[in-house]
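Some structures are shown below for you to check.
In the two assemblies presented below, chain A is common to both, partnered first by chain B and then by chain C.
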Partner chain A sequence: MPLDRKIGYVDLSTGNIEIKPIPLEIRKKFLGGRGLDAYLLYNHTKKGVDPLGPDNVLLFSGGILTATCASATARTHVMAKSPLTGLLGSANMGGFFAPELAWAGFHHIVIKGKARKPVYLWIHNGEIEIRDAKNIWGRTVTDSQWAIRDELGDEEVKCAVCGPAGENLVRFANVMTGIKNSAGRTGMGCVMGSKNLKALAARGTMDIKIAHPTEALEFNKRFIDQIVSAKVNQTQGTLGTPFIWGATNSWGGIRCRNFQLNQCEYADDIEPERLDEIATETIGPYHMTGCFGCQVHCRAQYRIPSGPYAGRYDEGPEYTSQGAFGGEPDCKNAVTVLTGNHLVDQFGMDNLETGSLISWAMELYELGILTQKETDGLDLRFGNDEALLEMIERICYRKGWLGDTLADGGIPASEKIGKNSFDYLIQVKGMSNLHSDERATPALALGIATGSRGSDHLRSRPAIDLYHLPEEVLRKIYGTPVPYDGPLSSEHTAYEGKPWQVFWQENCYMGVDCLGICKYHTTFLGATLPNFEDWSRVLYYNTGLEMTPREIWDVAERCYNIERLFNLREGLKRDNPKKGDTLNHRYFDEPCKLGAPDVVGRTIDREKFQKMIDEYYEHHGWDSDGVPLPETLKRLGLENEPSHLL
Partner chain B sequence: MEPNGKVLYINYEKCTGCRLCELVCSVVHDGVSNPARSRIRVMKWEAEGLYIPMSCQQCQDAPCMNVCPVKAISRDETLERVMVDYDKCIGCRSCVAVCPFGAMSFDTVDKKVFKCDVCDGDPQCVRFCEEKAVDYVDARELGTLKKRDAARRISIAGKEAAVLLAQA
Partner chain C sequence: MAMEKEGLSTAESLRKTRTYGKFRCHNPSCMGRLQPKAGEKQVKCPVCGMEYRVHWIRPDFPRIRGPVWDVNRKIAQEALAKKEGKEDATR
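Now for the complex of A and B:
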């Protein structure tokens, strides 16, 4: 049964390992995955814990439905206090690691302490062993995984590793699995590095009994039909996420030259069709690949066609690499994007954070805030592809003054660089924004400002807001499983009703993250895709757990509130520009210069933005400082947290 | 019943490596999710992005059938498949050792050999594979399908060569 999967507690300081079952009442309250991780993090860390110290707790998990007959249950979640933001660290990746962890008998691994020398965890059919990693330390992301397989003599072993960036304590280092799947935000790989933990290696052949196999299979078939019939997923399955960058760029919704422009002009060479052409030329007509059990297959395969890394195999690029190494630094060459993508994949470093910080440094360089003295002679102007690729390597290995400075993350870097460099840093809560520009879309702006892990598009983005869906359709989506009769607007430039949409999406994304399902299989990019009602059935068929859609919504809200409690405990304040629910001043002060008529000239209205925040807090049952009210905690059963039940 | 003459046709180029076939196979046959119990397995060379699903070829002159000391393995001509009679099987695993495709496996929990039974003529791996990297086709058409694919490739290569020649 999925419900008999265990929690493994590992203390790297003492070598102590403990394995416990997950009680049913805990399952009903938090389900699993990100939600249960949030409970464990809040309960196992103390206020002000040093993110890079032995007392920080690092959590790996699959969702409650991982590896069951629900579509795309491939996601691995990783959580700890973030060394990048000092707040909640949380990242999620696809691939094949979480299913293997589940077949090995586990849903959650809780890692405490710090190993004296590099180690890795060998998780195999109900057992956990701490093993020496001296032959693996120092290796790249893929080399580490192949070396572990060689050592264990099993090609089917699946690993979650940190690369050189994690070892070098780059504050935004990834946890990675396979070629490119990355738990790539908030520096979870850096926490691995700080604990001398190189990898988790999993391999399992334990049955996961499906509660109602025939119903689960048939429902899954229906699910898959629904998912692959959505046009947006068909496009994802052909062009991958780059199609989103292409579409938003033509409209004027992406960042170019850090934040100077909202459209990257004459970018034919990095358009999705061009990237697809390279994949076809270097791999063949069938070059899309997917995560466990997923029929969307949104990931391209490619070989770098030319340059110093010509012939190297990689996967992607996702639109994050296209934005981070193409649009933002204004380097409009496919080979640069593909090479940059390959470098961060090998180093195990967040592409999005890396590209954003380099683009920020480029703007500072052009403004004269940074000079060739700080860049160690590098001509760091926009559009200098060689300088961009050089900086990626310098950050990973902390080479030169600027490489070392940027490796500490945006806010510490801005404090070291000084002058007014912070004003140009496009971040929320210390984490860089995606390559998208939200000035024409208040709903999306509110989403990144309030996301529990800092600026982020995967926490609460109501992406379907851009489709101008009729109000009755919006009411149908946003009016279940809890009734809502407040304002809703089909207009993406409006402020009305957006706080509810953000609140709803938060719970929706928390829901999939607890179940272990990919966001492409819910109401994210496709308005017709499954959510709470379908989850209630899929949960029952696979696990036997009977929960109403409303009860799943309550779990999501409960878990989101725990994340909020954690952030408040670690210093989140509503209007704090470095640790608050805020946006960079440029969102309010600098109008969009390019793009479609509904974009040009747009800014976010300060007053209306604050009103949205107020309204968003009200929907949550939080006070005007964003602190959950006692009655809210009571309603969600959180009044006794931390409750130390597990 | 007339022989349906259909066989599992694996076109590995189309495989995205998602392993849904493995999940579906173990759920259909054993009610559990466990690739170790799946009759079809996707072999991977991740460093080069190569994924190849492997399953029973339902051989005409099947080595597993020939090697079986108790004649527990026989051909079912109606469904063009090779079947194991568990009343006769002694679990010696000779068939596992001899199969050139690794298609016969041994279940360490139930202590018995197992192989693809084409789900009695409606293979569920095929039903769930949207890419049709695994397909169930008329054996007589197999060659024609391969010919069409090859002919298409030759035609594309010819056109590309003409373009290169024109550019030279």
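Now for the complex of A and C:
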């Protein structure tokens, strides 16, 4: 049964390993994946823990549905206190690692301490072993995985590794699996590096018994049909996620030149169709592939067509790389995007953070705040492709003053650079924004401002707000499973009703993160994709756990609140520009200059924004400072946390 | 709400709202449904005048490849000039 998967506790300082079952009462409260990780993190860390010290706890998990008959349950979640933000660290990746971990008998791995020398964990059929990683340390992401497979003599071993960036304690280093699947936000690879932990390697052949197999398979046919028939997923299966960047750039919703512009004009060479053409030319017409148990196949494969890395194989690029190495630094060349994507994949470094910080440095350089003294002679202008690629490597290996400075993340870098450099840093809670511009979309602006891991589009973004859906459709979606009769607006430049949409999406995304399902299989980019009601069925058929849609919603809300408690304990304050629910001043002060007629001239209204925050807090049952009220904690059964039950 | 094992979920019931062969104008205040003729490379929104390059995922499945830059840039510049002169940009 999925419910019999275990938690493995590993202390790298002592070498002690413990394996425990997950009590049913805990399952019902937190399900698994991100939600249960949040419970474990809050319980196993103390206030003010050093993110790079041995007392930080690093968690790896699959969802409760991982490796069952349910579709697209490939997601691996990684959590710790973040060395980038000093708040919640949380990242999620596709691929094949979490299912292998489940077949090896585990849903959660809790890692404490610090190894005296580089090690990796070998997790197989109910056992965990700490192994020497001296022959693997220093290798790139893909080399590391093949070295482990060679050593273990099994090509089917799946690994989650940190690359050179993690070893060098770049504070936005990723955990990686496969070629490009990245748990790529908040620096979880850096936490691995700080523990001298190179990898987790998993291989398992333990059956997962399905509670109601016939019904599970029958229902999954419906589930899959719902997913693959959606236009958005058919587009993703052809062009991959770059279509999102292309569509958003078309109307002026991306940021370019570090938020100076909201559209990358004449960017034909980095449009999704152009990238698709290159992938077709270099790999062939069947260049799309997918993660475990997924039918969408949104991941492209390509070879770099020219330049110093010509012929190198990689996967993607995702829309984040188009923004990071195309739009933001204003380098409108496909080869640059593909090369930048390849470098960060091999180094194990967050593409989004890397591209954002380099673009920020480019603006500072053009303003004269940074000079060639700090760049060690590099001409760091916007549009300088060679400088962009050079900076990626300098950050990974902490080369030169600027490479070393940016490797510590935006806020520490701004303190080191000084002057008014912080004013130009486009971040929330110390993490750089996605390469989208939310000045014309208040709901999206609220979402990134309040995200529990910093500025982020995968915590609460009501992307369907952009589709101008009729109000009756919005009411159907946002009125289930919890009745809602407050304001809702089809107009995405409006402020009314948006806090509820953000609140609803938070719970929706927390739901899939607990179940282990990919966000492209829920109400993220498609309005007609499965959510709470569908999950109630899929959960029952696969695990036997009978929960109503409302009960799953309650789990999600509970888990989001425990993340909030963690952040408050670590210093989150509503209006703190470095650790708060707020936005860079440019959102409020500098109007959009490009894009569609109804986008140009827009800013976020400060007063209306604060009103949205108030309303968003009220939906949560938080006070005006964003602190959960005692009755909210009681309603959610969190009044005794940390309870140390597990 | 009890757990329901039968019947359509909300997401499934909304499936009938899907439209194939069309896409929406990317102008947020317009969002009109555009239906290019088969194989057409460019389309103009009859409501707001924005023009787009069209990509065909399949022969029956068009999507916007990108703006016709010069046309849409001119429309945006005119709109911005008008707003800077007269309108409250934040509503």
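Just so we're on the same page, the second predicted complex is superposed on the first by the 646 of 646 C-alpha atoms of A that agree within 3 Å, B and C clash if a C-alpha of one lies under 4 Å from a C-alpha of the other, contacts with A are read in each partner's own complex, and residues count from 1 in each chain.
Note that contacts are C-beta pairs under 8 Å (C-beta built on N, C-alpha and C of every residue); 3 or more make two chains touch, one makes a residue touch a chain.
In this text, all values refer to a predicted model and were calculated from it rather than measured experimentally.
Undergrad: Which of the two partners, first being chain B and second being chain C, lies in contact with A:476: first, second, both, or neither?
TA: Second partner only, chain C.
Undergrad: Would you sort A:252 into first (chain B), second (chain C), both or neither based on which partner it touches?
TA: Only chain C is touched by A:252; chain B is not.
Undergrad: Chain B or chain C: which reaches more residues on chain A?
TA: The partner making contact with more of chain A's residues is C.
Undergrad: Does the superposition put A:632 against chain B (first), chain C (second), both, or neither?
TA: Touch partners of A:632: none, neither chain B nor chain C.
Undergrad: Under the stated touch criterion, which partner chain does A:230 make contact with: chain B (first), chain C (second), both, or neither?
TA: Touch status of A:230: second partner only.
Undergrad: Examine A:567 and indicate which partner it touches, taking first as chain B and second as chain C; both and neither are also allowed.
TA: It touches nothing on chain B or chain C.
Undergrad: Touch test for A:354: chain B only (first), chain C only (second), both, or neither?
TA: A:354: touches no partner chain.
Undergrad: Under the touch definition given earlier, write down the residues of chain A that touch chain B in their complex.
TA: So the residues of chain A in touch with chain B come to 67-69, 96, 103, 142, 146, 155, 178-179, 205-210, 213, 216-217, 220-221, 224, 228, 283-286, 288-295, 297, 301, 313, 315.
Undergrad: Could you list, by residue number, the parts of chain B that touch chain A in their complex?
TA: Contacts found on chain B: 13-20, 23-24, 27-28, 30-37, 44, 46-49, 51, 108-109, 124, 127-128, 130-131.
Undergrad: If we count contacts the way the header does, which residues on chain A are in touch with chain C in the complex?
TA: Within the complex, chain A contacts chain C at residues 222, 226, 229-231, 234-235, 238-239, 243, 246-247, 249-252, 265-268, 271, 273, 440, 466-468, 473, 476-477, 480-481, 492-494, 523, 527-531, 533-534, 536-537, 540, 546-550, 591, 593-605, 608.
Undergrad: Okay, in this complex, where on chain C does chain A touch?
TA: That would be residues 1-5, 9-15, 17-18, 20, 24, 26-31, 48, 50, 52, 55, 57, 61, 63-67, 69, 72-73, 75-80, 83-84, 87, 89-91 of chain C.
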